[in-house]
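Listed after this line are the structures, all set down as structure tokens.
One chain, subunit A, links the two complexes that follow: it is found with subunit B in the first and with subunit C in the second.
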Partner chain A sequence: MADPSHTIHEHDVIVIGAGGAGLRAAIEASASGVSVGLVCKSLLGKAHTVMAEGGVAAAIGNVDDRDGWQVHFADTMRGGQYLNNWVMAEIHAKEAPARVLELEAWGAVFDRTKDGRVLQRNFGGHKYPRLAHVGDSTGLEMIRTLQDHGIHQGIEVYMEHTVTTLLKDGDRVVGAFGYDRERGRFRIYKAAAVVLATGGIGRAYKITSNSWEYTGDGHALAYNAGADLVDMEFIQFHPTGMVWPPSVRGILVTEGVRGEGGRLLNNKGERFMFDDIPDLYKNQVAKDDEEGWRYVLGDKEAHRPPELLTRDHVARCIVREVKEGRGSPHGGVFLDIAWIKEKMKNAPEHIKKKLPSMYEQFKELANVDITTEPMEVGPTTHYVMGGVRVDGLTQMSTVPGLFAAGEVAAGLHGANRLGGNSLSDLLVFGKLAGEHAARWAKEHGQGHIDAEQARDAEREALAPYERDGAENPYGVQSDLQEMMQEKVGIVRNENDMAAALDAIAALKRRADGVGVEGHREYNPGWHTALDLANLLTVSEAVARSALDRRESRGGHFREDCPDKSDEFAKHNTVVRKGPDGSMQLRREAIPPLRDDLKKVIEEQK
Partner chain B sequence: MVSPASHNGSNNGSGAPARSRTVRFRIQRCEGPAKPSRWEEFDVPVEAGAGANVISCLQLIAANPVTVDGKRTTPVVWDSGCLEEVCGSCTMVINGRVRQSCSCLIDNDAPNDGDVVTLQPMSKFPVVRDLWVDRARMFDSLRKIKAWVPIDGLHDQGAGPRERPKTQQTRYVHSTCMSCGCCLEACPQYKLEEDPDDWDTAFIGAAAIGQVRLFNKHETGAELAGERLDALMGPGGVTDCGNAQNCVKVCPKEIPLTEAIADMGRAVALHGLKKFFRGK
Partner chain C sequence: MANVTFRIWKGRGEEAGYKDYDTDITEGMVVLDAVHQIQAESDPTLACRWNCKAGKCGSCSAEVNGQPKLMCMTRMDTLDTSEPVTIEPMRAFPHLRDLVTDVSWNYEVKKRIAPFKPRKPDAPDGTWRMSQDDVDRVQEFRRCIECFLCQDVCHVLREHHKHPEFAGPRHFVHTAALEMHPLDTDSRIGHMKNEGGIGYCNITKCCTKVCPAHIKITDNSIIPLKERVVDEFYDPLTKLFRIFRPKSRS
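Then we have the complex of A and B:
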């Protein structure tokens, strides 16, 4: 018998997380006729997807009909440096157009071509204009459309609920245990299948573009349930986040600013990105200001300005400028879009029209008018390529009945993600996860909930109230964020990461002593104490995986091994919880690419 | 108040001299639904030019929740999400005006030493705790006006209908609604209704009327246009609008809400006439 103090909510499928992937999964499962519960930490429609700006990548070919799934597939594999799960990369490239058009059919407001079709824009790493978008607020529109569409399908939404543990019956996941944030009452979500769609881990770092919800919950839930995590060393640091004022540090400044002609300058006024262009890109970069500007204007003969090199490279160049004393007053560099007034009339109006959210963001949050002054920017933790290892065809993890989609799942992006591929990821794999979770639920039915597991989960959740409160949860969290930023950040080396692992072990001991005061009704200190365990788990996974990969590739840069290695090109890094509770790492060979896909990549070179 | 010099590439100094001051936060607090509210005051140190906003000050109070009388209290509770005025979660009433707290800069709203910033929860929604309110009625309204395009997700229907850029622009402004609740808080006709049974007859408010316009202007969405207009007829519908025009003044996304109300008002009147002549 279950504990009578635990309210039980029973559904065929439970989806954890209500961003793009979670909503799409819930819609799909619900459409196939099973009962669906959607559990989310914040209010519906406020998830992190809402902050996505640039657009959703899909080879529809509305603007350039040379585009097709083959080109998108090859671009994604190149961006991921061939560590991608190629099954997922193929499905993604083939299905993204249908998923975007479906969103259009559901009423999403996309920017339009003159003849009324979905307009597509250029973005880093995509060969042709591929990003369907709505101004620079594509994420908000996606969430609104999915939420509105989901709202009438009878999906039960548990808003402001947090899941702390997955419940198992033998090998299989049969539900989840959590609490509502408002009252602090414990809940059991009983389900034949569970879909994780909890997003990323950005809050493990001090400077991040991610919302407060991004504490690696899904990564840790899966790991603790025995699932594999893969590629955790690969984290994307976006080169341009706000650095000033402190209250907004880390908030994203879209790549679109550079796409519209924004220049990066150091405190000497030098356009430093021209100083360090990787050999691989020598022939693809503008030779001076003038050619760069022609590219911005759409001249197909001109090459891109150096500000539009890959995100990891631009981020490292900014770190170098700051380190060598050429940074801006608050530890970043300058991003200047105001200068285009030298090149066009009505530049301020043009900037406001092309970058409306950026104009508002700086005006509202920082009192800066980007049409007349430069912005101060620096790298910010943006996205984790690594996550729950899933089967490319079904999105099921290595634990039966447990599925994952979106940022919490790994595979599509390999060592680095192209801009725009995350929103298409949510749609394509959210749908797939919902479809297969529903099918699994129909085939297997409900499992058995073990009341003892739920009681253990309750004891664990309440433990911080039993302690004397010597250690404050916010203090441990902020020390962890500081340490990860410094030692497992953009530029890594063996000594720092070994030190990071020691520091994580010490922080875990401190976390075990964290106490909270007060009652359980909306108690933010308690919530932080519970999130802390997840942050520590994912931080360890990142540090261990990064220590093992002795090369530099994509989002992982080692100053002690700055080059790519052929040996490390052949495997993914996998971590799993061992029988003794410690984290175990192994290298796993990447399955050989299918011949027809090999041919596609050759043709696109 | 923030000196532009601190953002200027030619000035490599630390910008304008930092001016320390103390801002007093007067916060309306409440332990939970149906519990009485009380006021507490906190002094928060602020540096000029450091970009403090209401949320960063609330974080400082949470880290050290001691009132001006030296009394230790619980951290103040509020809701927030994106911190960049995109999600609308952190909406509250600041110095009498409803707005997002993430974009309320202290240098603008409390520039002098000893200035007071008053924080209250929105009054048109039930309080969950302190500054946190329950906006479930906004979702109920979206359901009521059928804020979706009537298509099931069971099979692939291909692309949506083509849309003229001009129509897209009209719809775009309404699509930027983030369900923050500002327009409802400021509206004299929109009332606090704690009992969901009363939601059907109380004024629905500008946000939902704007969404009717968004969906009725969509080619496929318009299949439900009549049903949406039905939802805006009668008690609680668009004719309950008293034309105070507060909604459009407080909307952080500058959505033309009064235009939508006028537009939908005409559509509802026409719809009513048609129904009358058809005799149903």
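Then we have the complex of A and C:
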């Protein structure tokens, strides 16, 4: 018997998270005729997808008809330094165009080409203009389109509910346990299949573009349910976050600024990105300012400006400039889009039209007019490439009945994600996860909910109230963020990461002792206390995986092993919860690339 | 750095009231930063909604010194801090706790508005053609971040509590975006006239003034919708037409 104080919501499929991936999964599952519940921590339409700016990558070929799935596939693999799950990279490149165009049928209004088709823009690591976009607020357009379509599909939405534990019946997942934030009442979400679409882990770091929601919930839920996490050492530090004033440090400045011609400059006015071009890209970069600008204008003979190299590389170049004393006054570098007035009439209007929210953001928050002066920018924790290991064809994790899609799932991006590939990721794999979760639910039916598991989860959730007067959870959270930023950040080394693991163990002890006061109704102190366990789990996974990978590749850079290693090119890093509860790590060989795909990559070199 | 007093609406139901908090304000801080600092320093139970902290998600709506604002986009240096800064929840919606209100009514209203219904694709590959000029207006409306500040400031809701019979500015913008979408084939004009109660709006433009996305709500969405209602329901010629063609679309 379930505890009568636990309200039970029963659905065939429960989707946890209502960003793009969660909404897309819910829509797909619902379309196949099963009952769907969508559980989200915030109000509907507020999830992190709303923050995505530059665009959604899909080889539609509207602006340059040389584009096609093969080019997109090769770009994604090169960007990911070949650690990608190539099954996913192939599906993604082939299906992204249909997933993006489908949004038009649901009411999305992308910017247009002169002949009335969906316009596409340049972005880092993409060979051709590939990102369908709406100014610099593409994520808003996508989430609203999915939301407005989804609310008419019979999906039950549980807004402002948080899941703390997955419930299991033997090996398989049969539901989730959580609470509503408004009243703090406990709930059981019973389901034949569960889809995780919880996003990332950015709140483990001090400087981040991510909101409070990004506490690695899905990663930790899956890990605690026995699922594998893979590639957790690969974290994307977006090269351009705001750096001043302090309260806005980390807020994202879209790559679209560089896509529209923005140049990165150091305090000597040098365009330093020309100084270091990685081997993988040496045939693809402009030789000078002039060629770079021609590329921005759409000259098919020109190569990309070096600012549009992959994010991992651009971020490291910025760190180098700052470290060597060539940074801006507040510890970043300059990003200048105003200079395009030398090249075009009406430049200020053009900038405001193409980058309206950047214009607004800098004007309102930093007193900077980006049409006349440069922005100060520096790296910010943006995205985790690693996550729940899934089967590329079905999105099911290594735990039966548990699926994952979007940022919480791993595989597509390998060691580094290309800008624009996350929005296409969540559409393509959100759909796939929804489809296969529904199929699984139909084939397997409901499992048995063990009331004891739910009671344990309740006890754990309420434990901070037993410790009234103990340490405040905010202190532990901010110490963790500082520590991760310093020791497992953009530039890593063995000593720092070993120290980080010790620090995580100590922080875990502190987290076990935090207390909260007051009531259970909308109590942010309580919510923060519960998030801590997830943040600590993912932080440990990141540190352990990063310590094991003795090379530098993509988002993982080690000053003590600064080069790529052929040995480490052959495997992914996997962590799993061991029988004794400790985190166990192993290296797993990457399956050999199919011959035809190998050929595609060769042809695109 | 300056020490500033914040007078924040705190509590639930009958017991709710202002509570004063002091915290230090540094360069560039916004109101939301101050609220977070208060949570971390002195009151971890202080409830507020927020997400993006960059004016893009519309979660942190509140009334700062009586003005409907996004807390994340309201810089402290735009406020007079010699007096306590008051922060209250949006008053047009049922209060839950502290700065959090029950905005679920907005979601219900939207659900009752007919969804997008496109015409048949223009091209054999299933795609459509639309010129940028034709979508500019719709894109303006689609910038809405659903912060509901326009609903909060609207006197039809705030003072006259017409929630059951008035959709409010947010949903006029939503409807206008659908009605003016070049591909849409449905009509929501009858719905706006009846269930939407658009006639209650007397175009005082309060909604336009508070919109953080700078949508010209009144001029570009409400007035054109009102004109369509007039054309469809009150134009004498159309009326005559309707008498003779009673089964035509309404």
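Methods note: the second predicted complex is superposed on the first by the 582 of 605 C-alpha atoms of A that agree within 3 Å, B and C clash if a C-alpha of one lies under 4 Å from a C-alpha of the other, contacts with A are read in each partner's own complex, and residues count from 1 in each chain.
By definition in this document, a residue touches a chain if its C-beta (ideal position, glycine included) is under 8 Å from a C-beta of that chain, and two chains touch if they have at least 3 such contacts.
Keep in mind that this is a model prediction, so the values were computed, not measured.
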Clash or fit, subunit B versus subunit C on superposed subunit A: clash
Which superposed partner A:528 touches (first subunit B, second subunit C, both, neither): second
Which of subunit B and subunit C A:393 touches, first, second, both or neither: neither
Contacts of A:473 with subunit B and subunit C, given as first, second, both or neither: second
Partner chain in contact with A:516 - subunit B first, subunit C second, else both or neither: second
Subunit B versus subunit C as contact partner of A:182, first or second or both or neither: both
Partner chain in contact with A:280 - subunit B first, subunit C second, else both or neither: neither
Partner chain(s) touched by A:498 [first = subunit B, second = subunit C, both, neither]: neither
Common interface residues of subunit A - those touching subunit B in one complex and subunit C in the other: 42-48, 50-51, 101, 104-107, 109, 111-112, 115-118, 134-135, 137, 140-141, 144, 148-149, 151-152, 182, 211-213, 244-248, 251, 357, 360-361, 364-366, 474, 518, 521-522, 524-525
Parts of subunit A lying in touch with subunit B, wherever the complex brings them together: 27-28, 31-32, 42-48, 50-51, 98, 101-102, 104-112, 114-118, 134-135, 137, 140-141, 144, 148-149, 151-152, 182, 211-213, 244-248, 251, 265, 267, 269, 328-330, 334, 336, 357, 360-361, 364-368, 373-376, 474, 518, 521-522, 524-525
Parts of subunit A lying in touch with subunit C, wherever the complex brings them together: 42-48, 50-51, 101, 104-107, 109, 111-112, 115-118, 134-135, 137, 139-141, 144, 148-149, 151-152, 159, 182, 211-213, 244-248, 251-252, 356-357, 360-361, 364-366, 472-475, 478, 516-519, 521-525, 528
Touching residues on subunit B, where the partner in the complex is subunit A: 1-2, 4, 6-15, 31-32, 49-53, 55-56, 62-63, 74-75, 77, 79-89, 102-103, 105, 107-108, 128-129, 132, 135, 139, 142-143, 146-149, 151-154, 156-165, 168, 171-172, 175-179, 214-215, 218, 220-221
Complex contacts: residues of subunit C adjacent to subunit A: 12, 26-30, 33, 39-40, 44-59, 73, 75, 96-98, 100, 103-104, 107, 110-111, 115-116, 118, 121, 126-132, 135, 138-139, 142-146, 178, 181, 183-184
